[in-house]
Structure formats: C-alpha cells, structure tokens
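What follows is a set of structures for review.
You will see two complexes here that share chain A, one where it goes with chain B and one where it goes with chain C.
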Partner chain A sequence: MVAQKKGATARVSEDPEELARHPLQAILLADSFTTKFRPITLERPKVLLPLANIPMIDYTLAWLESAGVEEVFVFCCAHSKQVIDYLESSDWSSQPNFLVTTIESHNSISAGDALRLIYERHVIHGDFVLISGDTVSNMSLTQALQEHKERRKKDANAIMTMVVKQSKPSPITQQSRLGTDELFMAINPDTKQLLCYEDKAEYSKGFISLDKTLIADNPSTVLHNDKQDCYIDICSEEVLSLFTDNFDYQHLRRHFVKGLLVDDIMGYKIFTHEIHSSYAARIDNFRSYDTISKDIIQRWTYPFVPDVLCGNSAIRVERRGTYRASEITLSRSAQIGPFIVIGQGTEIGNDTKISHSVIGEGCTIGSNVTIEGSYIWNNVTIEDGCELRHAIVCDGVTMKSGAVLEPGVVLSFKVVVGQQFVVPAYSMVSLLQQPTQQDSDEELEYADSSSGNVELPSKLNGDITSDLSETRHGPTSELGTGGVGYIWSIFEGGHDEEWRHSVAPIPTDKLAKIMLDKDEDEELLTQDGNVLSPSGELKSDSDANDSEDGDNEGSRDDYVSFEKEVEATFLRAVHENVKVDHVILEVNALRLSYNMASVDCAGAIFYSMMKLAVESPHSSSSELHRNAADVITTWQNLLKSFLHDIDEEIEVILKFEEICLESAKEFSPLFAQILHLLYDKDILEEDAILRWADEKEGADESDKVFVQRAEKFLQWLREAEEEED
Partner chain B sequence: MDFQVVVLAGGTSKNLTPLVSKEVPKPLLPVANRPVLYYVLHQLEQSNLKDLIVVVEGKDAALLVGGWISGTFVDRLHVEIAAVPEDIGSAGAIRAISHHLTANDILVVSGDLVSDVPPGAVAANHRRHDAVVTAMLCSVPISGPSESGSSGGKDKTKKPGRYNIIGLDPGKQFLLHIATGAEIEKDTRLQKRILRAVGEMEIRSDLMDAHMYAFKRSVLQEVLDRKDTLQSLKQDVLPYLVRSQLKSEALSNRIPRAEENGNEKVSSQNNQVMVSQILANASTPSFHDLCSVSHDGSAPIRKTHKCCAYIASSSSYCARLNSIQAFMDINRDVTGEADHLLSSISDHNNIVGPSTKLGTKTTVGPHCMLGEGSEMGDKCQVKRSVIGRHCRIGSHVKVVNSVVMNHVTIGDGCIIQGSVICSNVQLQERVVLKDCQVGAGFVVTAGSEYKGESLARKEK
Partner chain C sequence: MPDTQALVNDFLNQLKKRKIEGSQATAKQTAELLRSVISQTRVPYTNQAGALIDSVKAVGERLIAANPVELAVGNIVRRVLHIIREEDVSLTTAAMAGLNLSAVSDDEDDADRDDRPVLSAAAVAAASRSTLRPPSLQTLLEDVPDSAAVPHTSSSGGDSEGKSKSADKSSRSRKLKHDVIEAVNELIQDINTCHEQIAEQAVEHIHQNEVILTLGSSRTVLEFLCAAKEKKRSFRVFVAEGAPRYQGHLLAKELVARGLQTTLITDSAVFAMISRVNMVIVGAHAVMANGGVIAPVGLNMVALAAQKHAVPFVVLAGSHKLCPLYPHNPEVLLNELRSPSELLDFGEFSDCMDFGSGNGAPLLHVVNPTFDYVPPKLVSLFITDTGGHNPSYMYRLIADYYSADDLVVQRRPTSGN
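== the complex of A and B ==
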C-alpha cells in the first residue's frame, strides 16, 4: 500500500518536473538541401547570404533566442566550415543563456539524413523546434508550445505542430509573393488537425482530390488555399525516431508530413498553429528573398530589423525607410530613393539614383548609375553609367562602365561584366561553370551539398586568385570585353521557373498566363464530368494542356478524350455557325496535339454527327433518319475533308457499326438507310463499302449483323458495278 | 413576391411500393393522417407563396392530387396541376412545364419534403444575393428507430448516412462544391479554380440537399434548353451550375447578344478585364468581390454567377419521404419530436381523434395518433404508432412503431411491430407482423407470421 502510494506521488511530482527540466531545444538546419540559390550557393552556404546586409542565420538565431529557446543545434553540411567559422567568430558562441552547438556532416543529402544523424547523437530530449536557417520570424512561441504540450498530454500521437500563416488573399499574390508552389491544406476547423498537405500539386490538373475516408471521418473539413507554410515546426522527440525508422524519408514536407498523413496504422497526428499578427516566412527562392528583404526594410519583422540586430547604432534609420551605416560617402547629387539600405564604407557617385535596394559594405558606385529593386552585396564596384534593375549582385563583382543588368539577373561572386554589356534578363552568371550532369529537379536537390562540398572549400580557402586567373581566359567573350564569368544556360523544365522565382516582378503577360492556366483547368474538369464542355472555350490553349495529360494515360483514354474534344468542337460549330474551314482547322489542331491519325478524326467527327442526330428530339425512327440526313447534309463537307482515302471511309463505316452496337442503338434499324445516304452524298465510295463487306466476310456471325442488314444495298451496289463492267 | 413555386409531387414511386398504388400516389401518402403534400403546401402558404404549379407524374395521379388540393386549400392557394409523363426526371418535368413559368424566380420544392424550414426564407436569401440558384441544406437526419435501437440501430446511429458532400465558403453563404449520388463514395475532387478564388473552403459531409431550390428562371430555362442531357435537378443541374459558377459564359447570352461567333474573343477579353482588375485592385478581391466585380458595370458580360446555400438551423426539422424507412421515421417524428408541424394545423386534430372508442385497459402511449372514428377492443397497447381513421381493432392487439392507415381491420391478438399497414387491409386473428409492409386491400390470414416482408395484392 505505502509503496504504491509513494510510487504514485513520485510519478505525479515527476511529471511537471520532467517538463521543466529540459531546456527548450531547437534544431536549425543550416543547409537547405535545394539548388534554388545556385550559382551563389556553389560558393557560399545559403544561410550566410546577406539579407539586408545581415546573414540570414542571424535572423533565425536571434528569433530562436527571443522565443525562449535555450539550446540550438546547428546542422551544417554544405560549406560546413564556413558556417562553423562564422558562428565561432560571431557573438552567438558566447551568449550566456543560449547555447549554439554545431553538428557537422559531410554526407547528408537531405533533411531526413540530417535528422537521422542528430537522432544518433542523442542530444535532443523532449520537444524541440525544427527550423531551417533561412527563416525569418518574430512570432511568439509560447502559445504554440503550450498548445502542443496540452495536445501531447491528451494524445501521445500528436507529435508535431506546424506553424501556418494567412497569406495575401488574392489568388494571384498567393503564388507570386513568395514564389512558392501552390499549397493546399485540409485542416479540421475544430481540432486544427492537418488532414491533407498538397504542395506539389500538378498544374495540369484542374481539381484536387480528397480521400473519401478523410471526408467520412470528418463531418467538417476546411480546405485552404490561402495559407502559407512557415516551415517552423514544434516537434516531439518521436519525430527523430520516425525519421530513423523510415529511412527513406528525405524531405520534411513531401515525405515526412505526407507520410504521416497517409499512414493510418501508426496514427500519428500533425496539428497546425495559425499566427495572425506576427511574421514568419522562409526564403525559398530568389523571389522570396526579394519579398522578405522588403518586408524587413519595411519593419514587418520588428524587432529583427537591421538597425536593431546590428546594435550599437551602426545603422541609422531615416525617413522613407532609408537605412544608412555611419561611414558612407554619398555625393550630393545622388538621389537615394525610398526603402534602401546602404552598408558601411560605400561610396556613391554623382547623379546616381537608387531606390528599393540593398547595398552592402565597401561598395563603390560611380556616377549616373541607376539601381532599382536590386541587392548588391559587399565590395562591389559599379562603374559610371551602369543600370541595374531587379538584380542580385554578389560580393566582389565588378560592372564596367555602361553595363546593364536586365531584370532577374543574378551575378555570382567576383564576376566581371564588360563595358557596355547588356546581361539578358533572368541570366545566372558565375565564375564556375555550370555543373554538367543535369538530372531532374528532384535529384538535384541536394547536389549543392555534395558537389559543392567536394571541390569548393579548397577553392575558397585556397588561392582564389590563381583560380581566377585560370578562368580569366576562357569566358571573356560571354560577358563582353573584359568580362569574366559564365552565363549559365537555363536547363529544360526550369524555363517556367525563371520568372516565377526570380527577383524581378512578374511581368503582366505572365500574370495573364496564370489566369489563363486557371481557365484551362476549368475546361478539363468540365470534360471530366459527363456534361458537355461549355462552348466558347479557348480551344488551342486547352489542347496544349490536354496533350500533357495524355502522355500519362493509355492511348485508349487518349482517344476517348480526343473524341470528346472533337465532339465539343463540333457541337460548338453547330450552335454558333462556325465556318467549316475553321472547324477543320481546329480538328486538325486537336489531331496534332493528341497525336492521332486522320483516320481517327474521320471517326470522331462522324461519331459527333450521329450523336447530334440522336440527341435532337425525335419520336420515331423515321424522324431520327431525317435528323441524321439533315446533319449529314449540312456537314458533309466537313466529313469529306477528312476522308482522303478508302481506309478512312472504312473507318467511318466501322465507327457507325460501333455506334449502332453501343452508344446509340436507335440507329441500328436505320443502318442500311444511312449507309445508302452516305453513299448518295458521295461521302462513301462504293469501293469502301464493298471492301468493308468483304472484310467482314470472315468474321463471326454476330459481327456480321450489319452486313446482313445492308445486304440489299450491297447487292444493289454489286449489281451496279457489274453493269458498269 | 415575384416568385412562382413548382412543387414536384412525383407519382407512383417505385421506392415506396407497396405503400403507393394507383389509388394512393406518393403525394397522398398519409403522414400522421394527412397527405404528405399537405406539409409542403402548408409551409408555402405560411410563407405567402401562393402561386403554385404542382407537377404530378401520370394523369390519373394528377386527377387524384388535384381533387385533394382543391378540396383542402379551397381558395387559399392558386394552384395549377400539371401532369407529366413518368420517369422524365425532375429536370424533364421542369422542361415540360417550362411554358408556364413567367416569374423572375422559381422556387422548386420536392413534394415529399416534410420540414418546418420556411420556404420564404430560402426565397428571400435567393433574392438578397441575386443568386442564380439557392439550395436549401439541412442537417442529415439520423435514420432508424431512435430509441428502440435493439436491432441494427447501432450501426446506423454511429454513422449517420452521408447524402452529399458540400463545399461552402467561409461565410457559409455560397455553395462551392456539391457531390451527390455515386460521387460520394469516390474520392472528392475539388476544383482548384474555385478554391483559389475563395481561398478557403469548408467541406461538410453532415449536410443534406433538401431539394428545395430557388432558381433564376432565365438561367434555369436556358440551361435546360442547352443541355438536354441533364436529367435531374439534384444530380445534374445543381452540380452543373455550381461547377461553372466562375465561368458562366455558357449562360451569358441570356442577354441576347449579336456577336455569337465572337465567343473566343470575348472570353479572352474577359480574362484581360479580370486580370487588370486584379492588378488594379491590389487589396485583392475576395470571392465575393470577384463575383460582384463582374456584376457592376465595367465588364460587359457576366463572368460569374452566384450559387448560394441556405442552411437550415440544426434545430429545424427536415426530412424527405423517399423510402419506406423515411416514411416510418417521418410518421414517428411528426407525432413525436416534430409535433409542432401538427400543432399549426388549422383544423384542429388531436392526437387521439374524435369519436374514437377505446376498450377497457387499452393504452395509447405518448407520440401516438389515433384517427377519428377508429375503434379498439380491450387490453390493446399502442406505442409510437399512427393509426388512421375508421380502423377496427380487436382485443389484445399490440401496435408498436408502426403506421396503420385508414379503414384497416385488425383481428384479436395481432402483434404489429415496425410495419406499415395500408388502407383497407384486413388482418385476421393472431397475425404477427414484424418489419413488414402490407399493401392496400390485402388480407392476411389468421395466425400467419411474417418478418421483414412486403405483402401486396397481385396487380390485375
């Protein structure tokens, strides 16, 4: 009795103690395991890239510290030495209540590998915050942590809380703001449990599927398209062991989150915590780099803004969002526009205009330079008369006089742009040559860690200058006279991405294209339903989309959808009196996009015509016959234009048989009459009809039904032929 | 109000054999001793919607229904009876009477709806949003016997049936997605386009489409004309309208347009208009605005149309009499939990009707109804049942959870559980029925026992 009681009391007292004993820990992944910031990340890790002149990782660490995290494990892989060196030299290594420990790996290729490695080290005890080193936030963790712990107490399977945020509410800006993929999340409105997470949703599909069990289990589900994933997760210890158990989990979202949501055996649950007034966003690509930089300058991320983070008044904030370091040389005639940051020791010449930009330390900017919406890092030399719009210019770049950067250009470290040279829009320029082995996007994800890791540290730590002198001969021509660097070619498939992800604002026509895409989506869906597609659609566009779809499916499906398309085209032609020539053009376009033969066109058109006839009101078979005759008479030219040779004519007869047997049995008594009609209208030649009859000669008895029906007509044809002979 | 009401009363529904017959078509099936059609007409009258077209399948049935209506609602409602052929579907029925429709808005109600949701509220909601269609949604009723859940009831109460999967906007005003019938068992496919426009969509599986719709007449007629493959309002027309709500070019020429052939050009123009509007309006139009943007002014053609939902409060009663189980449930509910539907009946009808005779030691439990002129012998028990007019019930009879219609004779010692006994049936002595349906005029011989069977006279 007594012992039992003791045990009980001990357990009770243990519980709060246990919670209190562990300091709040965090895992910071200082490697994005992606290649979105190439070519810059070939030479420097993403977390050390400056964001308003302060390395990204500082924002993340500063937030973690302010949020009450006491111990951070910084996992570094790509360029791990640079990260470790930076952390050691910075203040972070000497904070009293904030312990920063680095964990180094050389062979991790994904977040999954990183977490498995951390699990093996046995350093995490209890709940932890999982974040990557490129996240900027000022949210308070208290409430989210509290919710997480309370849920855990009730349900041991609630192992993770994801932070989400309302994104801008327009359908256009949702995507364009951060340049991320469209995200669909299904959340239970009462419990906030995450039920479905769809980020790599195929663009070609106009619909999103929800599993039926999901709806059966939740009488009410809210599907969100307006939320943004902040990539801040509060996890329980189990998360690490789950990664170890499932050694194929690589990507945090794509594998881990989706894996948990699909797996109903273990029953692990993920919940969401929505933040409203505070800021959280992750720098995923150049576009979000641009957006978040602007947010920082506009102080949405307060207190994590340049002047506060630098401390000791090194940077002053002035009116119109201008941040100026203390020692800069600024010409009187220079126009320093709204929302800019200028780093220490930078010189700016006469009549230079700068707006909405960040300029690093020790830069030299000449006269008559225009800089707009650009990010210029440290020690950059820009000579007179250059123009920069929406570009990223890394450390040590030299732009000779008169050089122009068109929107979306990225100049990596120490590139030299020749005199008067115009760098075309969306170019990526680097001293390093583009890696040659090009896999698909998925495979490349971690390549910056592996390939970058192998060769680069030596280059960076060793003599870069000698390296440079080697490369100096080769690429001169690519960047004009005196230019140094390679312009990376854009790989296939990435073509679409360039404007989506670049720092340049999305051009209007692209926005229009997004809207158009949505229209196409609609078309596809309507056709998926059994209802005829609404008329007045933009045919050529939806075709292009269809063909992508078709690749995945069998040719049979392909044909069915082709037939539907043709039918829709035909019906529209009927209802709107489109000229025959146009219909022919459209059907030909369809044929090309579906990769069909002209035989199929003839069949499909004939099918559409018959369907129209059978769908027009009729009460008796004679009326049906009249309908069919009308349709055939009206549209005979259309049909004829697809009947070039006898094979196609036979195809039409075979199609007609199929119609009579399957889709419209009403026609079967009229088979011979309509065949005759087609003959009369010179649509079918007698050779074709006889050949068809001959072909059927050896067929099964059941297959010959229609030959027998048409026997009289055939007889007549044969006799006519003999007479001629 | 410029509203015309179409009541789709149905005819001799196959689901309800042997309850319905040529003499008693579905609209006249008694619910608590009143034809089911009464409940709809009564609600319409209460909402001051008095311009009615009652559509009945079959000429004979139409005569019967018409006779009853003119007898009951003498001058209170302006009713036209229209007979349509059988099996043409609800959309077909509307097509058939299309030339009778003149008002701007049409309220289409199913005649088998037993509900206390005021149709006027649905109509007003429709008008307020200037919607193309407004559908009334109600909570899914829990079917099956509610308390005597001894047999099979458990499964049913655990999982209330799913009738529809419905997507709503955050304000629960607009209908964004609807799946009916076989689609429910498949994975739900939601249109991204609509989802993008709204941002968030609530998906409910606990709501049911109650088959009360308000339509804009011009749109309804045009859709029915253009798409002659559409068969049913519920399964085809409503989903079609919901699906195409952001892309209603197909409907846009209800304002007659000259440039029919320029369709492609127009739609691309439309796109530009929309994009430019979005660009200009950086504070991002919500789904709402998106709808209204195309409404007021600048865009020459409507790009969108509104599909609204009227969600009945969870306390209101709403059920459709479309199966035998529903028939039992509704009879039980109307005498039980939803008895307010009865209390508003104008000609006063008590639970135990006038001039009934009860023998000694006969008990009629709560939630029962005994029609006028019925007689019961000694030591009978009636629990949770409805007994019609002029029935003769012998002694030692037990009637539990059952519906007994008019002029039924029940011999001594019968036990009737969970069954429906139609008019003019004769049950001889000691018949035991459990979960049976006995068609009109049938004679059950003495001492027979049936369980879960459907008994009816052979059709001549």
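== the complex of A and C ==
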C-alpha cells in the first residue's frame, strides 16, 4: 500500500481497482480490554469462554467466514498463548479461502493500542471489518459493504459504517436486554449518518444535550433510544491511521466515535447500517452472556446454533429447545426441562430438574439437583441435592452435596464449594485472590473510575467473614467445610449495580423500587415539562423550558453558595488582614464565576459584615452596636466599592431588614441606630434611605416594622432635606 | 489424494453451513464428489470392491453427519455403495459365466472379502440376487449394462484361466472401477434429467379444465405443470404462498411468466379452496421407506384438507429423494429449525425477550420448522422418474435402489462412536 496519508483525491480515483484487488479483511480483537468477566478472565481469555458449549470466538470466526471475509487478523493480548494455541489446534488454521493470522501483543491495554499496533504492521489494505471476538451475528455483510463503498466513492470522509439493530431498552431499568446502558443515537434518517452517540446519558436528569449546530446542519434528525450497537464496524484504512494520529484514543466508542463526531476539523463521518431480520449482539457482561445464550438456544443466530456449529460431536435438537449430545447418561426420573443444552459425556442423576440451562461436556450431576437458568461448563461435579439458580459455574468446579448457589453467583475455575454451603447472591468466587491493584499487562478497565476499583483487601465482605471464621480459619473456610476458593469483595459500582450486569434476572423488589423512584422523578420532571418521552423523541420546546426553569431554581441555590463564598472570603480578609483591594478583586472574581450582579455582592458583603459583628462576643445591645460600628468603620471601603448606585444601597437596606428579621434578631432593636451609622459613614445616601421608605409605604403592616422603627431618623432626614431646599 | 480431500472438506463445509439449497443440487454434488473419490481410490489386487466401499463409506459418513437433515446426501451415498456392489457381483457372474463352475471355489479364496460376510460364494450371491428379486421394471433396466459388460469380462476371464490371477485381478479392478464410474455417471445423468422424466408424465395426470393446488415452490412441480401446459392442456393453478419463506410467490411469478392461469392464496385459505380443487400436486424434500413424505411445512395441513374432500394428493419426487430409512419421530428428528427471524422482526419483539425481568425464562418462544411429515395414508400417488407408484409400493422401489447392507453407513472401526 502506498503512503497512508489522506490524499483524498488520489485515493478516490484509485479506489475501484484497489477494492477489486484486495480480499476482504477483518480485525478480530480477541480481548475485550475490560474486567467485566473477572474473575473468570484471570484464568482464561474471554473469547474462549463457552457460549452454549462452543467458544465465543468460534461464533465470530464462523460468521466472518460465512460473510465472505477472506483474511482475519486475530489480535491477542491477555492470555495470548491460550488463544493462539486454541486457534492452531482448531479447524480455523486449515480452512481454504479463510486465512486466520494471529497478532500477539503483551503491552496493549486498549483497543486503541491494538489498532495502532496493527497499523504499524501494514497488513490492512482497503476496507476491513472491525469486530471483537465476543460478537455473535448471522448478518450478511454484502449490503452493508456495498453501501459503505458507495458512500466512500462519493465522500472520502465517510470512513466507517456502524451496524445497529433495533432493540428496545427496558423502560424501568434504562438498560438494554443485553445489560448495557441505554444508548442514544442521533441519526440522519436520509443519509443514515450518525450525528450523536451517547451511551452514558445522564438519566438522573432525564435529558441529554445535543449540539445546536447538529440540528441546524441537518434538515432532519431522528433521535433513537431503541437501537443497539452491534459492535460490528466496517472501516476504511484511515481509521487505523486516525488511531495512530490520536494516540490518546483508547476506547472504540467512547473515544474514537465520539472524538470523530465532535471533531469537525477533519470532517470524518460515521454512518450506520441497520439490520432487521438478522441477528448481531456482543457479549459485554454477564447479563448479555445470559441473553445471547438464550437467543442462540432459541435459534435467532441460525445457522450459528449448537447443532449446526458443533462439528465433531453430534448434537440433536428436540422439542422445546432441548439440545442433547449423542453420548449422555440420563436417569429416567430426571426432568430435563425446556431450553437446555447438554454436552457430550455428561451424567445426570435421579430426580434432577434442569431448565433453561447449558451444561457442558463431561459433567457429573447427582440426584435431586435443581438447576435453573445456569451455565455449567465442562467437567463440573455437582453432588446430590445441590441447588443452582442463575449461576455461572466454570470448568472443573466441584459442588459438594447440598451446596446452594443463589442467583448471580459466578464460580471460577476449579472452585470447591463445601457441603451444605450457601453461596450468597452475586458472589464471585475464584481460586485466585482478588488483585489489590490493577496489573497493567492484563485486561484493564481504562475507563472512568478505574482507580476506585479495588481498595478493599482481597478479603470478603464483613458479614461473611465473621460468619465463617467461626467454623474454620484460613482461605478454605470461605466456602464451607472442605471448600476451596476466595469470595471476592464486590467492587465497581458496588452493591447497587451488581444486579444490572449479573446473569440473574433483576429481582422484582429492585424493579419495584426503581419504578417508585422513577415515578417520583417523572412527576418532578413533568412539572418541569422536560421529561424525555419513552419513545425517545425529544419534545420540541423542552430545551427552552428546561433552561428557564433551571435558571430560576438554580440561581437560588447559586446565590446561597455565592453568599457563603463571599462570607468565607471576608472572614479570611478579617483574620489575615488582607488588603481591601484584594478582597474586592476576589469578590469580583466570585461574582463572575457565579454569574451574579454587583447588587448581590453588596448584599452578600453587608451580610458577612453583620454576621461578623453578631458573632464577635457581646453582652448587651450597646456592645453589639459598638461591634457593628467597628466592623463597618473598618470595612467601609470594601462595602463602598460595591455601592455604585442607589439600587445597590437600597439592596443593602433590604438585606439589613432581612438580617434583622431572620438570621440575627439581636439587630432589630438597633436597626435605626445602625442605619444612622451607615448614613454617617457615607455608605448610604439619604436618597436611598428615603426611596426605601417610600417603597415600603404601600406594603403590609408587618413589612413596615422597620420603617416605623426608623421613623425618627427618617423624619430627621426629610427635615434636613427641606432645610437644604 | 489431497485434492479430493480438499473437495470433500469444501463440500462438508457447505453442507454444514447450510449453503446448498435443494435436494437435487445436493444429490448431484454428492454424486460428483463420490465419483472423484472413487476415481482417486487406489484399488488393491484383491478385494477391489471392498476398498471402494470402504473409501466411499468413509467420506459418506462424514457427509451425512455434516447435515443429517438433508437426506439426499445419505441416499446418494447408499446408491453409490449399491452400485459398487452390483457392479462387483455382475463382474463376478460374468467371469463365472466364462469359466466353468470349478472356478467358483478359486474365486472365493482370493476374494477374502472381510467386509462382506454375506458373500459365501459369489455365484450363489449373484444367482440369489437375480432370482430373489422379483422382476420389476427397474431390475430389468439395470440388468442391461450388466449383460453388455459380459463380453469384455468373459474375454479377460478367459485369459485368467489357469494361474495368471494377477493379470486377471488388475484388469478386473480397472474394469470394476471403470464400470462403477460409468454407473455413477448414469446416476448423475438420472438426477439431472429427473425433472424432465417426471414432467413427461404430466399429461397423463392433468386433464382439461382442472384446478390444481400446490404449496410453496418446487422445481419439479413447476416443470410438471409447464409440461402439461405445453401439451395444450388448459387448467388453473392455485398456489398457497408457503409461509414463512413465501416461495409460493416465486412459483406464481414463474407460472404466470409461462402463461398459466394462476391464483395465489394464503396457506390458511387452503381449506376454503380445496373443495374447488381437482388435484393437489406438491414437491417433497424426501420420501421415506414407509411412503411417508418429508415436505415443506404446511403440507400436512394441505394433505388433511385434501383427504377430507377426497381430492387426490400427488407427490412428485425424483428417485434421489427416495430414502431407504423408516422415519422415527420425523417431526423433530428429521426437521430443521430455522431462525425465528423469518417469522417476526427481532427488534419489534425485543421487549418480549428481555430475560432481565421475571424469572429469567423466556415467555416467547418462536419455532420455525422447515418440514412437515405427511403420513403415507394421506398420499394418493407418488410420481417418480420411473412412473407413478402407490405409497405402499415405495419399499419395493427402495429395495431396487439400495442394498440392505448399506442402510447404516458406518464403518466398523469407528462404530463404537
């Protein structure tokens, strides 16, 4: 390939023959660069985890092959050895017309690093499919590719086509059926250009913000919240060079896609391709593992279903979605419920009930076992009387008789659960201790809040420890008598979020709680008139409403905090003898940052002064008066500098009134005296005082209290005025 | 034989991925593949037939496993095995005819066919074959190439008289392979022309001003109807659309293009229309040994409707669709469950399949079977390339095409699997 720079014109003319010459290539990232599947992924790479008894990467590769991709570069990072060994021993290394090449790296910590490395290798020529090794799909690439190429011919900046699929998010939990956060996308319905991509919208506020120019530039924009990102991208070569140019791009979506959408200098565009009848989804967390497994069993991914994909051991589909390998030993009294997969060589004992589950190869399951919605991998031993509900059990686990797994439990490789032991819901159990800090070589959560991951030592939660320490000490005791393994403390998001991504369905009480919270929110929001309707369409005038209401409400809060800041500044000035000029500067800075008027400054400063006076020790009102007089004398310059005109002076009087009424009642008898003092010090002019009195003329009796108190002083002022005349 | 290996793998792949549609195409490709396997097989001096059978079985086993639902693969593998056996027997008998009876024991000695325990004496076997089998049209036709082969073999057999066994064997082995390949070629030819042969019989069945009902799309049916049309028969066709793949739409289009009066109806309207229909003519996916039919989904309902109104239910099937197996639980075990997305749009129903709520069990299950099983009692007539047959006669027909030894295509060493 010639220089990979953006010689746009040269490129377009070259395009047709270039495309004809190069076979379709794909980059398969065999590393998700996240820690969502820990602790399992500490021992085995995510792409080799079995999905309905077949490693995930097989689904991805089988799809790529059937979609007409001829060369795949498998990028391995974490556990690269295992991935490479697997690929070499599998059929994939010997397929005609389908070349699988592995690229190994030990220091990549993100998809961005991976793509930069691949760019350096100069192996990608022309358009390629970017996919991660945990994606299951059966879509046909032909049309998407065609569209991509045609767009590229017209516009060299159309460098990426993203595959999306309709999938309604749950209105209650705001997450998709795959357990990912609700995704907002703004798409131009005519050109299918992606305009906005928001996967971490602020649900708490119930609105998302769009760039105004976006609506100005596009005659029509449709905002979707019912689209699912399939993480299948058709990219042009430029994508790789863009990653190299922007070395801080790490995450494909969070950095790259959003970066391109925000950056209008280069003018690169991303388009979407929606699939309807075919299936595509990515396994991102335990919930999607559960969901996609069930989709596969229900044959949405046909022809990539266990009975077709599984080559060597014959699996037959029977009624009610039951997949059985040919060599299984099944007790007559066992009840094999709907939607299950049972692997080769598995033995199942008497009166065992299994439903909605996947059971791997070579497992031994005893009598009277209940298995519901669980994923049991290979060579697992489950003794009599165990109960498993919505759990993942990895290879080589032993569950002693009577052990119970509550919903959401993950047992990593070779864990032993002791007799009669109940593993609490959502526990992660592994033979390895929970790492106390991230090891950068391995999968890394580089996203936000990564640092807060694991602060607790790798012990278990308090209550469990205390529970167990009674029975036995040492690490083995954590899982009951004869148990082996560590229960990991829950990290990331904490208890509140664990149910969102777990294999277990969301408990009803959680749903009810969210519903309740939501109702309240909704009420609040409807009052404001800016609720986002469930269909995801933005009410046209919501922006305007929102800003106004927000301002009113927000400004009150702002004023309070502004006042506090000013007070703090003032106190510091008092105690540290800061020069008046500096205080003025600081208050002005505060005024700007809080977006306040100078009227507010005067009020706030006066308030701080009075507060200081009140707080300094005093025994009688005369002493208080002296205090106030001292403060006012000392800081008159400061106050004066904010009293530019009569309005501000009136504000000070009003503020004083307020102080006397509310915060410092001690001042109320001294009102007239202090007013006089202020007048004497030239802080307040007589005009302001008289105007204040006039304004109060028409007010209620209660409001007039202070006018009456100051009546004498006012009288005197008026007379003085007349005399002058 | 690296190139055959590659071919086999390629074909296996296609079968596995369900990339070959239609039993005729599958049958033809299987036959062609087996032909190249046979021609690549090195034949030893002794037991040539055994070697050929072994190598065909080895490939056939894998082919059948790749897509157990596509019965045509198994049918063709068994047909080829049968051909090898027949050719072997006919060669032996021919050789025998050239020799005197004393040669029988001689031949038996070197023909230590470990894989054919049945063969006590070649002559007896050959004789028994021709005598045991009742003289059907098929056997008579099949005997023609055998008798044609007689002169050559007899001459070579004459040479081998005495001690020159090796020369005899080599020429015989070449002969056998050659004959087998010839016969397989004929089989391929048969598969290619089965549509025409079936269509030739159309005028005998479709009469003036009749109304014909069919469901879905089948090339055999299309050719059959068009053949009748070409013979100046005027009739009308009702096409049920064949949900969920709606191939009936394509058939209607084709029929109209050929100038046939066509009415397209939904599958659910079949019962309402059946009283106006004179004959139901449909294609099949496979015909089982008991005369039951594996056919596109919806046909069982059509057959029941036809029975209710005493309308003849005619099934067209090329001989490659005749399967020597008896169906066991055919609704499930011989069915292919395709993606539910053919029935409904995933996105629209995604909220029905949110496993995050409730007890995690999906409440909506969409089933999309490809085939129906039509029991033999509902079928009035089968029309194959050799003519019309009653369902109860199918087993005889099958006995002509397949030898009983091959019903289970599995090599003994791996049978423990």
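We adopt the following convention: the second predicted complex is superposed on the first by the 448 of 725 C-alpha atoms of A that agree within 3 Å, B and C clash if a C-alpha of one lies under 4 Å from a C-alpha of the other, contacts with A are read in each partner's own complex, and residues count from 1 in each chain.
Quick note on the criterion: a residue touches a chain if its C-beta (ideal position, glycine included) is under 8 Å from a C-beta of that chain, and two chains touch if they have at least 3 such contacts.
All of these numbers come straight from a predicted model, not from anything done at the bench.
> Would you sort A:Ser278 into first (chain B), second (chain C), both or neither based on which partner it touches?
second
> Looking at A:His224 after the superposition, I want to know if it touches chain B, chain C, both of them or none. Which is it: first, second, both, neither?
A:His224 contacts chain B only, not chain C.
> Touch check for A:Leu99: first (chain B), second (chain C), both, or neither?
neither
> Who does A:Arg299 touch here: chain B (first), chain C (second), both, or neither?
A:Arg299 sits against chain C, while chain B stays out of touch.
> What is the contact status of A:Asp290 with respect to chain B (first) and chain C (second): first, second, both, or neither?
second
> Is A:Ile215 touching anything from chain B or chain C once the two structures are fitted on A? First, second, both or neither.
first
> Looking at chain A, which of its residues have contacts with both chain B and chain C?
168, 170, 172-173, 226, 511
> If you look only at chain A, which of its residues touch chain C in the complex?
Residue list for chain A touching chain C: 62, 66, 95-96, 138, 165-168, 170, 172-173, 175, 177, 179, 226, 276-279, 287, 290-291, 294-295, 298-303, 308, 311, 314, 316-321, 338-339, 355-356, 372-373, 390, 504-506, 511.
> Given the complex with chain B, which residues does chain A contribute to the contact?
Contact set of chain A toward chain B: 168-174, 182, 184, 186, 189, 201, 205-212, 215-216, 218-227, 508, 511-512, 515-516, 518-519, 521-522, 525-526, 528-532, 534-539, 572, 576-578, 615, 617.
> Enumerate the contact residues on chain C facing chain A in the complex.
Answer in residue numbers: 6, 9-10, 13, 16-19, 65, 68, 332-333, 337-342, 345-348, 350-351, 353-362, 365-366, 368.
> Taking the complex as given, what residues does chain B use to touch chain A?
159, 162, 165, 167, 170, 184-193, 195-206, 227-230, 236, 239-240, 243-244, 246-247, 249-250, 260-261, 263-264, 266-268, 271-272, 274-275, 278-279, 282, 284-286
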